[in-house]
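These notes are about the structure you will find just below.
Naming follows writing order (A, B and C), and every chain is counted from residue 1.
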């Protein structure tokens, strides 16, 4: 394990990048995911269609393909971001499809009476969704979204393939220098496990706080 | 379509006009964005006919189809192995014996939180140092199976737990042993119920075979990379590859939804907003499982008259 | 020492074999031949020279040796790439692997077995030593730079090629003329290529960004993700052909002796391969392969093959 200690700063730098990637893309994914979920239940057919196409295309493309396409394709439509930003965008868009589906299934757990009551007191679609349905729906999907966050954390490792130096890429570089793959990759694995364990703990905590007992 | 109407009233004249306006605005915005992107794309010369012509030739597709075959083979073998591993692990985790339970719990919890990519690196760079050098195919399939066995285990566990307790009790009551009850009564029902989730998870696995890119196993994505270094059409190649993946996976997902629609397991329960009443088992496992549509799309009109809100 | 064998061979073997050897070598790249300046008219002369090293005599295939094992098996297992243009690139249209390394592998197979039967096993930069050690592959032809450190784990025949890293920039870039100018700049390199270490040595404060393949690196350079791209010079020359808005600055700034990776301690096989290398260098077969592959993008006459054993570690 002293290989890891000798290259401690490389590992912590990589870990920082991984955490940043995770946090930023999760924030983006949550936002986009909720919007897409709302689109998929909206009264406007075109929006529902766009939402469906979005979910279908992003859930069915490997993230690795998306990353490569975004890194090299976006500049060809005249949009160029730094590698890190591009990776954040690609991961956020990809995971948003999963979040959208989770939120939609959360909407499904809300009893019909809630929506009927909202409409009865004169709330429109946007209002009832925002004020009545979503707050309840989101509480029901804390666990699934936590699981998506865990998957997202692990998926950030793919950014290493497009030049982002995250924990995985850092480990790979250290291994190139030291040729001690087992301690190096096990060390990195422990890093990911720590992050995921933390996410799991937080998820349980939040769920216990906000869950609605029906 | 009508099932999602719970969230909004049958539109009146004003609402209908609003929906029309929104439709037009959204359509124009989407079309505009696409047009802009395509235009920019063309300005960069990426739409030039000769950059796309190679993709109209048969040898090219013959090559890509070989990649598809390799992808499907890897995904199929990995699915088979992780299904088997998943059942064993799930039974282990549900076992009353601690010596079975603990190893299963540790395995599942560790593998759920370690990126597959790291496992791939260990098999790729680590094992050869210790004299273990797997064939290329297994360098990809082994880490995938090892990792997703944990996910399948959690799916199975959730399915087994979601089954009515009475089934198990009935089995035991007529004198079956615990093992017989599990294999003859519980598992068959759980598996049927889980079929859609299992297919969805296989889609996830099929996407993960794109890690062959790292291992240089000639699945679809790696074939794409070789193609790109050969014809130097990086962007076109990856667009084609992405489309092929979407077609394969969308058909698989559709298959999962068809399976689900056929099942008709709909125990009585509270009316739900989007019209699906099947209880969702708590699954600690994959987001693929949780997030993928476990139900027919909202447009489909399920046989659930109680959900139809009279307009 | 069987050093003298191929030389005797050079005069012994009939010219007729020449056409066969070259035909096998040229089979998959016949259209690119015409692009070689002056390639056509020199061919007959080279062909007769190449003939000289058609097949090793039976006496060279020592009983119990690696050569005998390969000959019995009927094909040579080569650790290599499928995605290295000019060196070892799969042609998806016909399933042939093309390039300098690939052709050398076929020549060696022909030399041992009598026919150019080669099976290429994809190997990653990090796994080549292991593949050789546990006998998964017989030889590695994969732009494998000879270093004393690697030579502790594997044996190197050769060097069979002396390459150099060069710098590619977008046209109009100023201030980059030599490797030291890369300091403080963002430099693109292929993941796991010798360029990464070369940059770190010669321009320690350069920020290195790596991508998986040459087209990706090239695209990244053109899209401005870095100011320079360091890669094997021959590859860069090919890149400039495709995108004239890029240009190679200066001359190659490193000397990378590429060797043929062999199992450590297999001295008999090593001297056998070295004899073969000397023979193809003298007969002109080496030069013919160069013309078919690297010569299609790099102008001028083939360089002289490097002297066997000239690199530390070989």
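Keep this in mind: a residue touches a chain if its C-beta (ideal position, glycine included) is under 8 Å from a C-beta of that chain, and two chains touch if they have at least 3 such contacts.
Fair warning: this is a prediction, and the values are worked out from it, not measured in the lab.
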| item | value |
| --- | --- |
| Chain pair whose interface holds the most contacting C-beta pairs | A-B |
| Per Cα centroids, the chain farthest from chain A | C |
| Intercentroid distance (Cα basis), chain C paired with chain A, Å | 44 |
| Centre distance in Å when chain A and chain B are each reduced to the mean of their C-alpha atoms | 16 |
| Interface hub residues of chain B, defined as touching at least two other chains | 125, 129, 213, 234-235 |
| Contacts with two or more other chains, residues of chain A listed in rising order | 68, 72, 76, 161, 175, 179, 181 |
| For chain C, residues that touch 2 or more chains besides their own | 126, 212, 216, 219 |
| Parts of chain C lying in touch with chain A, wherever the complex brings them together | 126, 192, 209-212, 216, 219-220, 223-225 |
| Chain B residues within the chain C interface of the complex | 59-60, 63, 124-125, 128-129, 131, 133, 136, 213, 215-218, 223, 225-230, 232, 234-235 |
| Touching residues on chain B, where the partner in the complex is chain A | 1, 4-9, 11, 15, 19, 22-23, 26-27, 30, 36-37, 40-41, 43-44, 46, 110, 112-118, 121-122, 125-126, 129, 203, 207-208, 210-211, 213-214, 221, 234-235, 238-239, 241-242, 245-246, 248-250, 253, 270-274, 276, 280, 282-288, 290-295, 297-298, 307, 309 |
| Residues on chain A engaged by chain C in the complex (per definition of touch) | 68, 71-72, 75-76, 80, 83, 161-163, 175-176, 179, 181 |
| Contact footprint of chain B on chain C as seen in their complex | 81-85, 89-94, 121-124, 126-127, 130-131, 134, 136, 212-216, 219, 242 |
